[in-house]
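Working notes, beginning with the structure itself.
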Amino acid sequence: MFKAIVSAETLTAALDSVGVLVDECKIHLEEDGIHIMAVDPANVGMVDLELDAAAFESYEADGGLIGVNLSRLSDIAGMADSGQLINLELDDETRKLHIHIDGLEYTLALIDPDSIRQEPDIPDLNDKLPATVVVEGRDIDRAVTAADMVSDHIALGVNEDEEFFYVDAEGDTDDVHFEMGTDDLIALTAGPAHSLFSLDYLKDMGRAIPNDAEVTIELGEEFPVKMHFTIAEGEGNVTFMLAPRIQSS
Amino acid sequence: MFKAIVSAETLTAALDSVGVLVDECKIHLEEDGIHIMAVDPANVGMVDLELDAAAFESYEADGGLIGVNLSRLSDIAGMADSGQLINLELDDETRKLHIHIDGLEYTLALIDPDSIRQEPDIPDLNDKLPATVVVEGRDIDRAVTAADMVSDHIALGVNEDEEFFYVDAEGDTDDVHFEMGTDDLIALTAGPAHSLFSLDYLKDMGRAIPNDAEVTIELGEEFPVKMHFTIAEGEGNVTFMLAPRIQSS
Amino acid sequence: MFKAIVSAETLTAALDSVGVLVDECKIHLEEDGIHIMAVDPANVGMVDLELDAAAFESYEADGGLIGVNLSRLSDIAGMADSGQLINLELDDETRKLHIHIDGLEYTLALIDPDSIRQEPDIPDLNDKLPATVVVEGRDIDRAVTAADMVSDHIALGVNEDEEFFYVDAEGDTDDVHFEMGTDDLIALTAGPAHSLFSLDYLKDMGRAIPNDAEVTIELGEEFPVKMHFTIAEGEGNVTFMLAPRIQSS
């Protein structure tokens, strides 16, 4: 059983955060909210999304699991005007999701969850990621856009002594260096941290991060990066994890 | 003889309503306004446009007939800024239309009307179209956009008992159903009505219907649909007629 | 030695005026400002740009010459938000230009000036260009857009007797004529003037001319046209010169 009403903005933000990595996903319809974990086909980027029941106008569920085509569901959510409510109701017998937006009813055929790539175990890396920085979403976007002009990979790191967060991209002829000190950052916990990442993944993840979101970035030495931010006025939590590339030097 | 001055908005709205179906058309330059009838090459969609002399700032004509390239004329009208006036004058000798917009003069070579597809007789179907609904242009747009996500054809109909207008689209896995009752509709005359139409034509016609236009839709059982709306603050009348598809079921 | 700080708007306007003709250029870093002269590969369009030291927030140079990839430098300048300052500093040893925008540092490899096409001598044609008109940038844009609908070349001229500036484009079937009298022009010095130009070049140059710029156009009989305008609140001067096409008639 699943019945919920949610604003178009909240549903779209939630779906976008998963849709930048995968086309299909499993959605856990828990009693206290929905939960999605997904990993991209190359096993490089992962996402963990929790959207609390409180993020919905109304919410009822009893622990089911459904498989959905994310781009299809995003397109439907995109039919709603800003501020409109989206009504979701699962038909357990037909395995179809009925989506009402004002006079419009869309009947979405669900996907057998067993046919969808297995959900990842997002590893607990807390002791391996000693550095933490908190930035605005727009700063990630800016660094990634600049880096993209010269390279297809990017180093993220923290300078422990001088206490700043940096982004480095080295091209064949040109270089980009981006640096934010404690004055520019929302918060910084310095620690040894320098890892290389694929720019394509960071660009995709960046598209799902609102410009004004506070993003907590956890970094280590040649370790994955974790990025956390909230959506739906704090009632939704998104975590991205991205595996490092092997150092090219 | 033909001399007229018209606002860019009015001319553009008039041309758009015909241009979604054909590239070239005949324009009747009647004493009391212009009149265009056109049918698309497949004989599926028709348009009838009347723009009264009162829709013009000034208007003089004595019953001529010209043939024009519609996209060319639309491009020229698009050169005018919002609120600017467009001056049209026919040179009977050279068969050219002189179009003045402020300091700009465009000389448009006309097309021999005999070389343009024959104008349709738009049939009088009043006794075959027992149901009438009046909606806003934006509602047509919304229904068509949603239907387009699942199918390339669409059923329009009226539920006589429960008095609502509906749009149905059935895809391979997903379905769209759109429903407007007497509370949502501007007006409804219930009657037996259900017909299937090509979505491509409805999308094209929808592009020419202003979002805030009141559109009168006349429907029957397996019969063409007629859609009427006004432009130019009521001084222009547009009628679209679309032939039904054979039921696929 | 070269160190300068400049607003994003000023740098972008300056680069655009040269970038519409060439991909790479030499920049003279004079004591009193920068100077660029360039000619397109076909030797048809030339540009002369002077940006005074006063156009910069701060400026220090001692007469060097650098070669740059213009589109690359434009992309970097485009990273700055409106109102942001761009910090430029030349590293004489590595021959790299360091570009700082807030926390972002871009290191741009320079090009050997000797590998860039030679700078043109922009001829002094004052006695051959007897007619001068001053128009707003938006009028050039309007005339060029209209002419582009019918032809790939365009005549610019002045009617001495009736004292108006005109633009003529003749297509296979349609014609465009644009005319501005002394009431519409900012200024007019009448004289014998009529020359034919390639529309492609005028479109490119038009893209670099701000809509609200006052553009001084100097014209003669079958002679090049010169167009002057200022950027950076008068502290930058741009001159375009375009060679005429041979009359097709």
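The first chain written gets the first letter, and so on, giving A, B and C; residue counts start at 1 in each chain.
Heads up, the rule we're going with is that contacts are C-beta pairs under 8 Å (C-beta built on N, C-alpha and C of every residue); 3 or more make two chains touch, one makes a residue touch a chain.
The structure presented is a predicted model; accordingly, all values stated were derived computationally and were not measured.
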Q. How would the chain A/chain C interface be labelled, same or different, where same requires over half of its residue numbers to be shared?
A. different
(Q) I need the rotation angle between the copies chain B and chain C from a CA superposition, between 0 and 180°, in steps of 5. (A) 120
Q. Counting in whole Å, what is the centre-to-centre distance of chain A and chain C, each centre being its mean C-alpha position?
A. 45
**Q.** Residues of chain A engaged with two or more neighbouring chains
**A.** none
Q | Residues of chain B touching chain A in the complex | A | 142-143, 145-146, 149, 173-180, 184
(Q) List the residues on chain A that touch chain B in their complex, please. (A) 72, 75-76, 79, 103-109
